[in-house]
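Presented below are the structures under discussion, each in the form of structure tokens.
Next come two complexes, and both contain chain A; in the first it sits with chain B, in the second with chain C.
What follows is the complex of A and B.
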């Protein structure tokens, strides 16, 4: 399955992925209208410390802790993609707590949200990948880890 | 008196209606122009630091930024230009030599733009390169004077060493140190994929790039940095750098601050020591001395590699080239006064040397007149900007051209001409690890390959229009060129007729 991977070597920490993600998931057609003077809720986050920067988003684990821990049955795996059903989420944020990567975060409505590979939003392909100026974020098939 | 205040050269214009305060501009500016004010909730800029490299403009996701030339001007004076007066202020402030980077930006004539190319009509019809085979391959090196046969009548096909290029273009010398590891990696990978050569410049060859040796020209310059047996043996050819178009008669100086880690190891000098390339080669004061170096390099490489001698285009270039052609060198590279550099004194860059078009025409003619043109191949550089310039250079007599500025542009360079600050926001002319990583060689090499493939297509189109299907038939074919707006003397030197003749 194609996943979003990050090559830390090329990540510049410019945070463009966060803004492209927030825009792609806003449902709007104009970035300024979507993001200006508003808090943003991206599904990819730059982790940084000194000289190292790294974009973190959902790994779409084979055996995800978030799915196991969800008390409302809102998180499921559809064709390998881990998805959150916002209408079922009760906002307990247990998934945020258990995700070992810190890839799940609360969204604007209180429901948890995470990267769903831009498969269903207006972007159609991972916006973080498309907008990365240095090819640090890639969307590709890799050998599955054992 | 305190330092004379000089109003910033550029203004940062931010469309606040579009700015979403994502702070990409702030994070991407090594000159620290942009900052976010948490109290006001807006992005602010300090224009005194802006060099107009356009990194922020390129990366702004909402296109809210533009950089414009400041219109704050000193009182108009046709003799004392704004620029001239400010340079006086700068020197009165600092007491130093003015430094610049990249090529000469002054409005001196560009002869390429005053030369037009022929096309076939009716007789000798044009050729469609999409339907017919077109040859752009060239071989650089000494060519035999005549066809030789053995007693049995068999042809002797043994040739002096040659460089084979898939098209008459090479990436010219830029040292590891003046440009980054990733810039070198991009050039090396692109040259290999394209079947052309790149040039190490005087910075040695990084151990990671020996695998690209067949497409590498290694340079031996006055500082002899990084020169050793394996270095010479790894390459396709060895270049002796006598001069550089951007700064003829001037050496080089890479500050000790940049001599760190791999650069120190590759140059074979201690960390932190200044890398000073003297203006002259201290062992070369005549053509005979030059010949000694040529032959010691040939000896060291078992006579298997062509030796290139690179000189800047200066007043007596034809006589100089004639001497070089007799020194045993296989290739002469001439660098015109618009050639780029990582750092040069402004006065030298802008006032020393001559246009490459005139130098090339003069040298080609002189070598032909003396019957020694086949002794050497001619490579010219110093602002070859497009496929049309390549075609004009070949028609004026060049075997191939060197491009560097165009290659850097493909890598992201915006010609802000502040390489000497070491803070290149595009990851090219810098050694700061956080900036170097901005140039991903996967992207860089792909863009270089794209550029050269595009030029190759255009060269074929131009050749096809002239009814020529091999670049070899174009070389020195000055009948294919006409001048516009040139004086009789200029036309005489270029060896071309005026348009309409």
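What follows is the complex of A and C.
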């Protein structure tokens, strides 16, 4: 299955991925209207360690702790993609408690949200990858490490 | 072909069904459920009262769950396990099993209380039916007395606060959420709850109940219309015990979820399984544990090979928008380093000992908390971790670049 991977060497720390993500998931067609002067809730986050920056988003784990731990049964795996049913989520953040990557966070309504690979929003493929100016995030098939 | 029977129909049972079906798609599964509902998300009963979910959305799995998994659901109470015959008796019926999983959960513990019989409106808070019954008794001006300031009592209090006149919570402990919070953090949470209107009587207990009045040990009296008993829960161990299984506070299981009896497994709140944070068995009555134990039991029952060796206590609980996550174990002052950071309305405490993070509590911004939980679960040696960064924030920045590259560049 194709997943989002990070090449931290090439990350410029420009945060464009965060904006592209927030826009792709806003359901709006005008980026300025969607994001200007509003708190944004991207599902990918740039972290910094000394002078290195890198993007963190859901790994779509093969054996995901969030799915097993959700107290509402709101997280499931559909064709390898780990998805949150916003309408069932009660915002308890047990998924935040267990995600080993810090990849899930509360969204604007308090319901948990995370990267779902843009498969269902207007973008159709990960917007963070599409918009990254330096190929620091890629969307591809990789083999499991032995 | 085998025949599987599961006693109980909570999240542990759902995990067991899915565990069995991950290996064996055909064999018969019978689920015996004392509650007359398909599996639902037990922790949501307070969210239901608060109007944050609906009975329909509380279903833990889709409507066709049993059908899809070819599991037969029987509404009955299992009464006896006959090991010799390999049978479980319920009502006037019996069903055979090759492998059995006991996923019977726990029951509210109601301590003997002087005058309890004189109270008309009294409730426990464990099941969907409890929640619906309590809801019926609530009026706009009800004065509610909740006995127990643990997770269940306080979640109940949160769920009903806006719907009633007043909520008073009494507990023998000197702090709220005493099983998951240390003194410092409990004080922060208590202050928050009080600011929302809850009243507390701590280090106190009910000495006597008189119809609509509770006389405390301290001599104080509280008048009430509705009483909720949330003192604690006890694992349902009787069936297992009668069948000859070793039982302590819960049914003893090994890391494969097998009880001390052949072909009998157990999972969830009714068990006492291995807790790696204390290197001993302990009841870990939390939903993630119930699911994972159930799944693991199911895999092994169906002939697969699974074990759980890294279970730890952990909790995520929020009240009126203030979140709290915690995991692992804490130690007494002086036994290690406790790093504390206070923020607006919140607090973070990290327990570090022998170069390991043994436990943590965060109230407020819980972003990335799972990374702390991970290094407790994995017993990560902190020599390979940047401790200043660890204290500062729960991000992947605390790891060495090679470690992080594997996390973000590999299939996990």
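The definition used in the following text is that the second predicted complex is superposed on the first by the 144 of 146 C-alpha atoms of A that agree within 3 Å, B and C clash if a C-alpha of one lies under 4 Å from a C-alpha of the other, contacts with A are read in each partner's own complex, and residues count from 1 in each chain.
Keep this in mind: contacts are C-beta pairs under 8 Å (C-beta built on N, C-alpha and C of every residue); 3 or more make two chains touch, one makes a residue touch a chain.
Predicted, not measured: the structure shown is a model, and the values here were computed from it.
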Exercise for the section: Could you classify chain B and chain C on chain A, in the superposed arrangement, as clash or fit? Expected result: fit
Exercise for the section: Scan A:20 for contacts with chain B and chain C and give back first, second, both or neither. Expected result: first
Exercise for the section: Tell me which partner A:10 touches in the superposition: chain B (first), chain C (second), both or neither. Expected result: first
Exercise for the section: Report for A:81: first if it touches chain B alone, second if chain C alone, otherwise both or neither. Expected result: neither
Practice task
Look at the residues of chain A and decide whether chain B or chain C touches more of them.
Solution key: C
Problem - Closest Cα approach, chain C to chain B, once both complexes are overlaid on chain A (Å) - result: 16
Practice task
Jot down the residues of chain A that show up as touching in both complexes, chain B in one and chain C in the other.
Solution key: none
Handout entry: Parts of chain A lying in touch with chain C, wherever the complex brings them together
Key = 3, 5-8, 47-49, 52, 54-56, 59, 61-62, 65, 68-69, 71-73, 87-88, 90-102, 104-105, 110, 142-145
Completion exercise
Per the touch rule, the chain C residues reaching chain A in their complex are 15, 41, 43-44, 47, 52-53, 57-61, 287-288, 291-292, 295, 314-318, 321, 323, 325, 327, 366-371, 373-374, 386, 389, 394-398, 401, 404-412
Completion exercise
So, in the complex, the side of chain B touching chain A is made of residues 17-20, 22-24, 27-28, 59, 61-62, 64, 433-434, 437-438, 440, 442-443
Problem - Contact footprint of chain B on chain A as seen in their complex - result: 9-10, 12-16, 18-20, 23, 31-32, 35-37, 51, 131, 133-136
